[in-house]
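What follows is a group of structures, each given as structure tokens.
Common to both upcoming complexes is chain A, partnered first by chain B, then by chain C.
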Partner chain A sequence: MTAHAASTARALDTRPARPPAMPANVLTIALRELRDAVRSRWFLLYTLAFAALGLGVSYVSALGSGGAGLSGFGRTTAGLVNLVLLVVPLMALTAGAGSIASDRERGILAYLLAQPVSRFEVLLGKYFGLAGALLACLCLGVGACALVLALKGEATRPAAMLWLVGLAFGLSLGMLSLGMLVSVLARRASVAVGTAIFLWLALVFVSDLGLMAGALAFRLRIETLFALATANPLQVFKFWSLHSADATLDVLGPAGLYAVDTFGDHVVWLFTSVLAAWAVVPLAIAAVIFSRRAPV
Partner chain B sequence: MNARMLQSRCAVFALVLGAAISGAVAQEHEVPAPLAARPATPRPLGAIGRALAAAPDGAVVEIGPGVYHEHLRITRPVTLVGVGMPVIDGGGSGDIVEIAAPEVTLRGFVIRNTGIDLDKENAAVRVLASRATIEDCVLEDILFGIDLRDAPDSVVRSNRIGGKRLDVARRGDGLRLWRADRTLVEGNTIHDGRDAILWYSKGVVVRGNVSHNCRYGLHLMYSDEVTIEGNRLERNSVGVYLMYSAGVELRRNLLVNNRGPSGYGIGLKETDRFVITDNVLSGNRVGVYIDGSPFTNKMPGMFRRNTLACNDIGVTFLPSARNNEFVDNNFIDNIEQVSVAGRGNLSANRFWVGERGNYWSDYTGYDQNRDGIGDFVHESQTLFENMMDREPKLRLFLFSPAQQAVEFVGRAVPSVRPEPKFVDEVPLMRPAEVGLNVRPERGALVRLGGVGAALLLVGGLVLGLARTPRDGQPANGGVA
Partner chain C sequence: MIRIDSVTKRFGRATAVDNVSLDIPAGDSVALWGVNGAGKTTLIRCVLGLYRFSGRIEVGGHDVGRRGKRARALIGYVPQELGFHDELGVAEAVRYFALLRGLRVRSAESVLDDVGLAGHGGKRVRELSGGMKQRLALAIAMLGNPPVLVLDEVTASLDACGRGEFVGLLSRLSGAGRTILFASHRIEEVTTLARRVVVLEAGRIGAQTDSETFAESLGLHSMLHLTIRESTRRLALEHLCASGFAARMNGVGLLVPVAREQKAAPFRVLAEARIAIDDFELIAADAAGAPAHTQEAQP
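For the complex of A and B:
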């Protein structure tokens, strides 16, 4: 303990000379966060829930197709996309929201910031650690589904499964970043998680239902409707999953045709930039607020 | 070349073969004569033309390998056989082979490079007489492929017909039958053409052909009593389009990924007395499109044991469609199983007869008495589909949880529940036995399993990595 304290003191002395973010520090904090996350109850719960629901969807749709062996954007892929849309944002938002706020509440944050690390490093490290935990969760869930589908003789394309994991991870990065912004802003962990659940509800249901109502009531133009829908990272995830499944967005009716005609194959860049913006912007805001504010 | 064969053929043969081979070498370097307006001035005869001119009626004329730059007109009943796939090159102008006499056989040639004049309908092989046989030929870079005009009782077998890579509007038909009754079209492959089309041709059999990247894989116009069997039509704009025809049988065809602007697997326009059985329709924009068919009430439109899977829409009815009968079909995972274009219901069509209905992958009932038939009727009445039919823009929200929320409300709140589109009173619990099955290849399943295992491994590694406590660190984690 004394040795530890001494080393801390030495590190503190050199503090002004250090660059704003040392990869080594970020990695250390990320690994700690990953370790904590993987051991936590929420991770276990979400992984089990995601895998179990995914297995259910795969099993039922494999039964439904009667082993017809016809692939396409069938119920299997649609079901898994739907599941990701429901579960993954919830998982990432609450994980992000819990991170800083609960550490603050338990007094760990004060301890952590007393170490020779910058606040930005702490934030970034936590972000990467949680992202790693989410990736593990997604791999386990989708991997189990792929195995079950293969055993049931359902000809889902292997690439579709990899796309699903990758895109769901992209989505979860955005949601995690939003969750961490909430976490930085909130005073208490319960408030942070409550806000995260509210945001989840808004992104999953309220925005889509609102747009539907808008399309019916105000006769929104197709380009407006598509632009508004694309602002929602969940919709972008869905569009991109469809695009990767059989490279046709025209399944989505006039608005999909509009996207195909206007953007062609460049639509992928549009999707990438939307998901990247959702992953970076809230996190950047969170970093600014976190480094300016009294932490505890 | 054995002696017996020589005996059985006529005397011209040896002469022809010799001339052809020596001609072929010379011909390679010859500049083809410019195409004069036929038939005003006959072109000078090429090697094959001279051989044909020397052959008597009913002769077998064999042509050796080589490239022949010439345009042929066959005016006598002969059998013209290519040995070693000789090439007849049209030099990018006009038609290439014209058959003007009955009972001509053309076998074993590569015929390539027609003109691109759509008005003159430049064709690789044009048949103007009855009982022609065209088989084992490869037609490349052609505008029209095989064009049968007033050529009944012909046979078109085992040819490979590849159109020019032109914009669809500038292409010609890979295969066209015009008043060619009782013709057999078998085992051909047609790609990159416009249509394979039958005009006013009765009693034609179309069997075991493959068509891809065309406009209409197979198109019937006013052609009655046609049998279409065992064909594979994929990635065309439309698979099979039947128009104004009667007595058509479609059996055991595979219609996959036909996704052009209309994108029908099978389109039916004012067609009468049709029987559609044991086909597989998958990945099309619309599996079956029914417009004004059956045209009269002589016989219901029969749909039996077809598999409709993973299409955007399984079956689309125009409001005019009535008296169709769907029994023992498997409707699997179509995004919309059945739709009615415009307003209307399907009460004039039947989705069950007696004790047999269809299999619906979205059926939610159960089968307590285990007789293979669901205990509750299958009613298609989802609120979201109903909303989509009214406002197509809402398709943008397909596959989202919001869609399911709307469906849930539709089920839970009777006041917003739409009228059922159709009812199947005896839905099947298991997919019906069908005559044509597509099994996934084993390799695909192994790859899928491999991907699953790899993903599990990655997840497991992360868990393992995170769960090993580092040396000398307390479990609840200080920061180094």
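For the complex of A and C:
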């Protein structure tokens, strides 16, 4: 008789077992998710792409400004803002969209939820795990870029790089949250990822063009235009990163001027609130839907 | 230990489980029997809290709908097919699910050894065969020695030999005192593991009986004990398994569950393979301590 069989032979404890508390389960699931993400192809691919494009952007921006090659940290940061606007939302949206829907499709979710864990713990654990993976991806991508520049003797503003990583991470949390909402709603992983890509296109391109067209066609008032712009987390990221770089939003035209005139230094709190809302609200809606939907 | 009270589960207009009530006291083992679509898996998923349903289910006094986490802490679950990330390591999987139960596994290898997976801890889950994956699921289900075991057609994806081995392992590990609820449409599992059989028909309880009476009613209750020399015993087992018999080895020969009208069939198979049988005995299932069937009988 094996040790296991011997242990089952003794009287079983039928008192209610106390499962781990929520923080412990969230941490366990988050670490599992982080390990899985770091091992996955998307993580490697996005990190490499982010670093390679970052180097390319800084090189091209330096050539454009008459420099001979790689630019310094400050200008690279400015160049990276546009790269972040394109790559980070795509990365976070697709990572979030794939998480729940893919596990549901493969039967992994049902098996996990048959364990002594709550649905909220699973959702939160997955969110934190993927957020950790995104942060690692950003740090590695921007860090590689910074390292190359530093080795070239071009290091001037590393703090700007760190700030950019922080802002990009804030943006990625909102996009991850939205991606997870899509993942909870979708029945199939392919539908979830497809929807995430559609949302990415809408946020990156359509909202910009839509705002321009709307401003012209409907002669939108400047405050309406600014309110509509700040509803898009990508615009908030752009406002905030440029505000941090120049301490003025004049470069963003009338909307930027309106923001500075109306909110002054408090504009930072507005940006913080918008990004925080994007990180929290879709996730909260996802949690409510997830608690009601069958995982199979 | 498990109390199912007026449970109904609908998917749109279709009613998968229709007003089912069932009381399973501690230490009892109940088989949910029925054809595909009878509602076995749906009822099990309700017990696990995976589906929302009307009615009430309690496990160890905990309402599955309201205190699902507490209820599931009492349950070890083995699904039809293991849903794992393929890249996950086998030992890593054991440690992960142990943590979710608030347990720390010092040696995953010893847990794996209990289910015959010693030496496989370093492999990835995707490298395991279907039978090995089910053994891994069983090892995880037994973590923390839970008082309730819930099994959902656990041998559906296994071949005849794999089924026999897995049911034997389940029988050995499930132990006395544990409450077992399982879905099956294989009679060998029912006769080995269950004391009671609940027949589900279109989501409703059609009948309830003890497993012996149930097996008798299906006319499937004979076991052949064949005495075969050790040198040819393994070969004989392979031939019988290949012919659809859920044969297994014992000390001096093979135990072959047979349908009443097919008692001579194993002799024919072994004669064609030119394997000599030294002796044989027709025994009752109880005496062999094992199931007595080759056919996948349907109710």
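We adopt the following convention: the second predicted complex is superposed on the first by the 250 of 296 C-alpha atoms of A that agree within 3 Å, B and C clash if a C-alpha of one lies under 4 Å from a C-alpha of the other, contacts with A are read in each partner's own complex, and residues count from 1 in each chain.
Keep this in mind: a contact is a pair of C-beta atoms (placed from the backbone, for glycine too) under 8 Å apart; a residue touches a chain by one contact, two chains touch by 3 or more.
No experiment lies behind these values; they were computed from the predicted model shown.
In the superposed model, A:158 makes contact with chain B only, not with chain C. Within the superposed three-chain model, A:211 lies in touch with chain B and out of touch with chain C [touch as defined at top]. Look at A:39: by the touch rule set out above, it reaches both chain B and chain C. Within the superposed three-chain model, A:132 lies in touch with chain B and out of touch with chain C [touch as defined at top].
Of the two partner chains placed by superposition, only chain C is touched by A:292; chain B is not.
Of the two partner chains, chain B and chain C are each touched by A:28. Which of chain B and chain C touches more residues of chain A: that partner is B.
Using the contact criterion defined above for the overlaid structures, shared-chain residue A:113 touches chain C, although it does not reach chain B.
Contact with chain B, but none with chain C, is seen for A:144 once the two complexes are overlaid on the shared chain.
Contact with neither chain B nor chain C is seen for A:227 once the two complexes are overlaid on the shared chain.
Comparing the two complexes, residues 4, 28-29, 32, 36, 39, 112, 115, 117 of chain A contact chain B in one case and chain C in the other. By the touch criterion stated above, chain B contacts chain A in their complex at residues 259, 280, 282-283, 307, 309-312, 330, 332-333, 335, 359, 361-362, 387-388, 391-402, 404-406, 430-431, 437-441, 444-460, 462-463, 465-467, 477-480.
The residues of chain C lying in touch with chain A in their complex are 1, 26, 45, 48-52, 60-62, 68-70, 72-75, 77, 79, 81-85, 87-88, 96-97, 99-102, 110-111, 113-115, 142, 144-147, 172-178. Residues of chain A that touch chain C in their complex: 2-5, 7-9, 11-14, 16-20, 24-25, 28-29, 32, 36, 39, 103, 106-118, 292, 294-296.
Those residues of chain A that touch chain B in the shared complex are 4, 28-29, 31-32, 34-39, 61, 64-76, 78, 81-82, 85-86, 112, 115, 117, 132-133, 135-140, 142-151, 153-158, 161-162, 165, 204-205, 208-209, 211-212, 215-216, 220, 222, 225-226, 229, 234-235, 238, 242, 246, 248, 251-256.
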